Every structure is written in C-alpha cells, then in structure tokens.
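Below is the structure I would like to discuss, written out as structure tokens.
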C-alpha cells in the first residue's frame, strides 16, 4: 500500500486521549499488532531532583507541531516499511498527575516488524523536535521544563 | 524592508512579555542579526538568545540564514513535550 | 515499593478490551510512561500462507492461563525492576477482524527503564506458555492455529 | 489406584471427542505411560500424543514424571494465544 493511503493521525488537543478510539482508527484489515506508548503526568518524581508535581501546563506552537508530528511519522515510515497506521497525539493545557499527556501508536501486520521500535522512536523524536513545552507547578513554585536537544539543519 | 511576524513560546515568551511581535527588518538580516537586535531592545532575553531555538516558516533555522520575506519566525527554548 | 503492592492485572474475558481503563488501573502517582501491546484479528494475512480470515475462535484453559499470566508478570518484574504496573488480558470467544484480542501493558516512572522491552517480552512469553488456542475460520474452512514452542521443565 | 481428571483442549479435545475424562490410574504411572494408554484406547489421538503438551496441576510436566494423586492433567497442542 502507498504510505499516502495508510492512516496517519496527528493531533494537539485539550481533550482526553482515547486509546481505544485511536488504536481503532489505525487498525486495517491487515493489521495484527499495535505498539502504543503513553506518557502521564508524574505526581512524584524520584529520579534526579526528587520532587512533587501539582500539575503540568503544556503549550504548543500548534501549526508547526502538527508539521513536525507529520515529519516524525514520515521518518518512522522511512525506517520501518511494515508500519501500517500511526497516531501521534499531544494533549495540552493544565494536566494533573496520572493523566495521559501524549500517545504514539504504530500498527503492523505482525509484532516482529518494528512496531515496538517505531513507537519508541516516535516518542523519542517527539521529545526532540516537536515544539511543545511544559511548565511544572509544584508546592514549591513553578518552572519551565527544558529539553536538551538542539535540532540540526533539516530537522 | 522585510515585514516579519515573531512568535515566542515558553520561557522566551515570559521574558519578552508578549506572545508575538510584528517587526520591520532590513532585507538581508540573518537570524544572528535578529538575535542581536532583540538582545539590545529586550535586555531580559539577552541571555536566552544564546540557546534559543529559531524557526523560519515552521522549520528550524540557524544563525547564518538570511530571513526570507514575510517570514513567520518562532523563538523558544529546547522543546519538552511528551 | 514491594512488588506485592504494585498493581498487576490478569484477565481472560469475553468482553471488549478497554485500553483506557486498563492503563488507568496500572498508573501510580509515580508513573510517567506506559508501553502497551495489543494484537488484533487480521482479516487478511499476507506473510507465509496468504489467506483471509472470517473470524477466530479463542479458547483457554482458564485457571492455568491465569497462573501462567501471573508467571509472565513475575518474570517481567524479575528482569526489569523499574516496572510499576502490569496488565495482561486475553479476550476469548469468537472474534472478528480488527478486534483487539490481547493486551500487555507495563508502566514505569520513565520510558527508558525497560517498559518497551517488558511489554515485548510479555507478549512473546504469553504466546509461548499461556494455554490459549485459536481456531481460524475462513471461507475455505477452519483449522486450529498451532504454536511452535515446547515449554521446558519449570516453565 | 489414582483418581485423576483429564482436561483436553483445542485439537486434542476435537480428536478425543470430549472436554474431560475421569480416570483411575495405577499409582506409579508416568506421563509417558498415560500417553501410551490414551493412544491405545483412543486411536485418533495416537499421532497427537507425540507432540502433545501435558500439564499436571497446571504446571508443564514431562514424560518421566510420575502422576501425583488426584492430579488435574491438561493435554493440548502448543499454545497459540495472543
């Protein structure tokens, strides 16, 4: 099948992330496997600087974020040609602990075709190049979380 | 002159005190030149300009690039979505 | 935290698999990442013997399957000590193309702690040792799908 | 004598024509001995007995094992869930 006819979903939304719906929308008749990553707001962080989080506030440069999500999907398809459907969703706004904030899902006919690796690659790339930021609000104050990745030309 | 729209996000927006700015720039100004100009006019972002990410028409852009006509320019810290 | 206080869900069910609910039930305040695998009924299979499937009929040796799902979860925790919650669900009965039939989900504080590998291991082990079988019904007849794995002593 | 409950699944159940069977076995019978007995009494499963998986009280068990008292014995082909 041509990549253009394969389902690819990008979304930046203030609504709840519905895993059932998203997986269904990237399932074809030939699909037998889906690997899905979701990230949630951690209320308690132990690694690094131990701290509590009251909530996170997400914002995005929406039109560019949508284009970069498309780029992440294109990169996934270029690397794993068995991938059938891709969904990339970022929830923005004020999000409380235990709430899913992001989803990457990839489907394929079989599980040994790169679906797991593709989902992992997708979340890693989203955190590198998709223009979204989060501000952490905790009992001790608020601060912007900053990533570390510096995009290169062509990214 | 080149009329451009600047969009600021996260820490850069906080320090600029605004989400966006319309500017008239010399026709051959580079990203580097734009950063210098903002550093002068907005001292609060001077430090941020060293590590800021810059986009031109929603693609990452770098110091030497000349800013195209009527560009939409984004300025923000390294991303932290997910 | 002691493994005994961490959420572990096993289920063999005739009901729809609800991803949202299952992920929520294995999300702790300290959770920041979930890797989820779901398998679906393929209506069209291209790899190997190309064929169409009308539906699959699953059956399980239920009490043993539950014990073996627990064993898979124990094996996951022994290998990846960062894993917080685990859900392993197999849907049985008559299932049509595009329907999710199985789910393995693992949560952890961060995504680089083995969640992806743990979910992958979980589905691989389920397909080796958990006593569940499927009969494939197609326009050309029906046949039992047989696995290849021969469990060893202690498995 | 040892009273055991046999449970059959998938192809084995189809060939046995039943889901379960209650049997009286000699006290020291092994899994291997049980397979031989079933092969004789149910010729349809003779071929299947070569590759059948056997469980005793819901744990995989192997030819040499002596069947414990009042065991629940499962017999089935390699699993194919998922």
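Labels A, B, C and D are assigned to the chains in the order they are written; within every chain, residues are numbered from 1.
FYI, contacts are C-beta pairs under 8 Å (C-beta built on N, C-alpha and C of every residue); 3 or more make two chains touch, one makes a residue touch a chain.
Every value quoted in this text rests on a predicted model; they were computed, and no experiment measured them.
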Other chains in touch with both subunit C and subunit D: none
Rounded Å distance between subunit A and subunit D, as computed from the means of their C-alpha atoms: 49
Rounded Å distance between subunit B and subunit D, as computed from the means of their C-alpha atoms: 74
Distance between chain centroids, defined by C-alpha means - subunit A, subunit B (Å): 26
In subunit D, residues with contacts to at least two other chains: none
Multi-partner residues of subunit C (each touching 2 or more other chains): 39, 123
All chain pairs that touch each other: A-B, A-C, C-D
Interfacial residue positions of subunit A with respect to subunit B in the complex: 39, 58-61, 63-65, 67-68, 90, 101-102, 123, 126-135, 144-153, 155
Residues of subunit C touching subunit A in the complex: 18-20, 23-24, 27-47, 97-98, 100, 109-111, 116, 119-120, 123
Interfacial residue positions of subunit D with respect to subunit C in the complex: 7, 9-11, 14, 53, 55, 58, 60, 62, 74, 76-82
